[in-house]
């Protein structure tokens, strides 16, 4: 990566990541720093700077698509967690997230949906704890 | 299946299937008649009578979720075809379908997205042919 | 779910779940109560009230099929654990479970079989501990 | 493969393949002859000479497991076709095969089950055609 | 894609695609032109302009990795075909390709390896036909 | 398994396992002893005694293929860990392993690559700790 300055894509990606994934996205980028720093750049540039920044589909709908796909695949628990957070950040409600995940029982089977629901339960519980702590 | 009369779920499922999948759904049900007629009943009852009839998520958003999941899984080409049709039936535009499928390159890889795009291309072409024929 | 009374399917599903999965199934249903109670209903109704209650295949053979599928998929460790328990409950022996899982090396690769065998090992060890405790 | 004589495993594998997969298995072995003849040997030796020849699980139950797994995986249509044939050869009835495949809707989703059912439909139709031709 | 001029990544990607995938890659790019032209750009930029152009791993080894992965996944037949071609273009021999695919029987099961071998057989046969035609 | 003496394949497999996977492979074999000892034999015989002992592809390249496949599949974390170790044992550098795993983002999606990178990070850290302890 011979990029003396940050490319437009990287800058746009950083902004999109912050808007969508919040702290969770930033943690992933940091965790890559000592093993594959270029991969953190690619992650900012392509998924966030390119794809999620495209105008043709609303961010809210992009997260609906991502939550559905990651639940159905069943191989991406940490990323599903991040994107349930992301969904809540861009206007998908808890009830809607539960609906999306339940629907995956039809397309990927009950185990995929069950595992997705228990991940959502964990994210919602973490959120509630944080909200409570901040209100003290 | 000891059901002398059609259950409410089955009736609701038939209506949902017609509204969402149109002819394509009906063809699947017919094709099951001589091998697994009970499975046609389950298909109407659970995915359509139960899940797609739930109020918590709009039909349009349910199809966004389904198109994303089937593209990412990569094992369900005939069903992806039906649900691209379904998406168009419930208000997802061709451009939006292309956006959803392209986004899957991020989560399931470029081959999954490429295969999905070529299926969409086929569905869009079929639609254009039918529309042309009807306008004659 | 506008069901004032429990449907026949739900009652049949509860009975089938108790007979097949025992406590493990009940725990899954309870864990869903605060996040997706309707999904617990669907889980009882469709997989257990509809499918596992069908006469065309013995329960023992249904569990052989399920253990094989979940091992091969490799994305459903908690459900594989429940269904290894279920297999033992409906007459599949420990040796037969080991045979089914080993066979999956042929169809889904050695990693899938290895991961399945280590889950079986855990279930068998838990059973042995419980049996010992009850005999005291 | 420096094996001047056929090993016991290979001989046992040939017999098991003939008993289980019949002609369909032999066709696969032949098709490998010009691209990967050693792989044909491995296929006879490990899946058939080792695994399917083990005494701990009946052949009928081994085919139930295989049909379930291949349906659930959704990536092995030609092999599912061979093993539906194999199931019929070792005593699994058409109705039971339909039950196994329908059950996979629960564990791997409706598309997996639908695609499996349509493969079974094809195999059953081929069988009926052959039976009819032979009775003339 | 507001890119008045071709970016360095796009130019580098075009060169890498031509060197690796040859005509097969160009056909994929053309086929995208009327459905998702931006996706063709992404395909050139990220997989080819970014990843395959990185210095840390030889092209030959990158194709070994890709052939292995696509065989194991079992959901990307058209891409496996392209990358078997690509492997041959960058110095992986036919025998080595057969070895890589056979090895996948261990990690992803015999069906994945069998399906991969039959795709390789097809690619090798096409090559032989073309070579013969050109020598006339 | 009626094998009074160790077969050539088993002896060759033991040597290959020791050379490739080192201690990690031996631990897997030991862990199988009380649940499926025959499976340990198969693991030594087929993947190691047969496949990895074949002359047509270098061990280093076989591990490149395996690391790629297991990362892409996303269902085999413990085996990916063992094979990252194995790669290091047969001459794949840490940087090359990172390149292989990053490349899988293209073919199997960013989540597969991210999960693979974090597993590699763990293996590299364990190695560094051991190396430090041994140097004291």
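By letter and in written order, the chains are A, B, C, D, E and F; residue numbering begins at 1 in each of them.
Note that contacts are C-beta pairs under 8 Å (C-beta built on N, C-alpha and C of every residue); 3 or more make two chains touch, one makes a residue touch a chain.
Quick caveat: nothing in here was measured; it's all calculated off a predicted structure.
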**OP:** Give me the fewest steps it takes to get from subunit B to subunit D if each step has to go to a chain it touches.
**Re:** 1
**OP:** Over half of interface residue numbers shared between subunit B and subunit F means same, under half means different, so which is it?
**Re:** same
Subject >> Centre distance in Å when subunit A and subunit C are each reduced to the mean of their C-alpha atoms >> reply: 31
Subject >> Inter-centroid spacing, subunit E versus subunit C (mean Cα positions, whole Å) >> reply: 41
Original post:
subunit C to subunit D: how many Å between their CA centres?
Top reply: 25
Original post:
At which residue positions does subunit C touch at least two other chains?
Top reply: 38, 42, 46-47, 51, 54, 70, 72-73, 75-76, 79, 98, 102, 104-112
Original post:
How would one label the connectivity among the chains shown: line, ring, star, complete, or other?
Top reply: complete
Subject >> Residues of subunit F defined as touching subunit A within the complex >> reply: 73-75, 98, 101-102, 105, 109-115, 117-118, 120-121, 124
Subject >> Touching residues (chain side subunit E, partner subunit B) in the complex >> reply: 28, 31-32, 34-36, 38-39, 42-43, 47, 70, 73, 75-76, 78-79
Original post:
Where on subunit A does subunit B make contact in their complex?
Top reply: 46-47, 51-52, 54, 56-57, 61-62, 64-73, 76, 79, 95-96, 98-100, 102-108
Original post:
Contact residues on subunit A for subunit E in the complex?
Top reply: 38, 42, 46, 50-51, 54
Original post:
Okay, in this complex, where on subunit A does subunit D touch?
Top reply: 72, 104-112
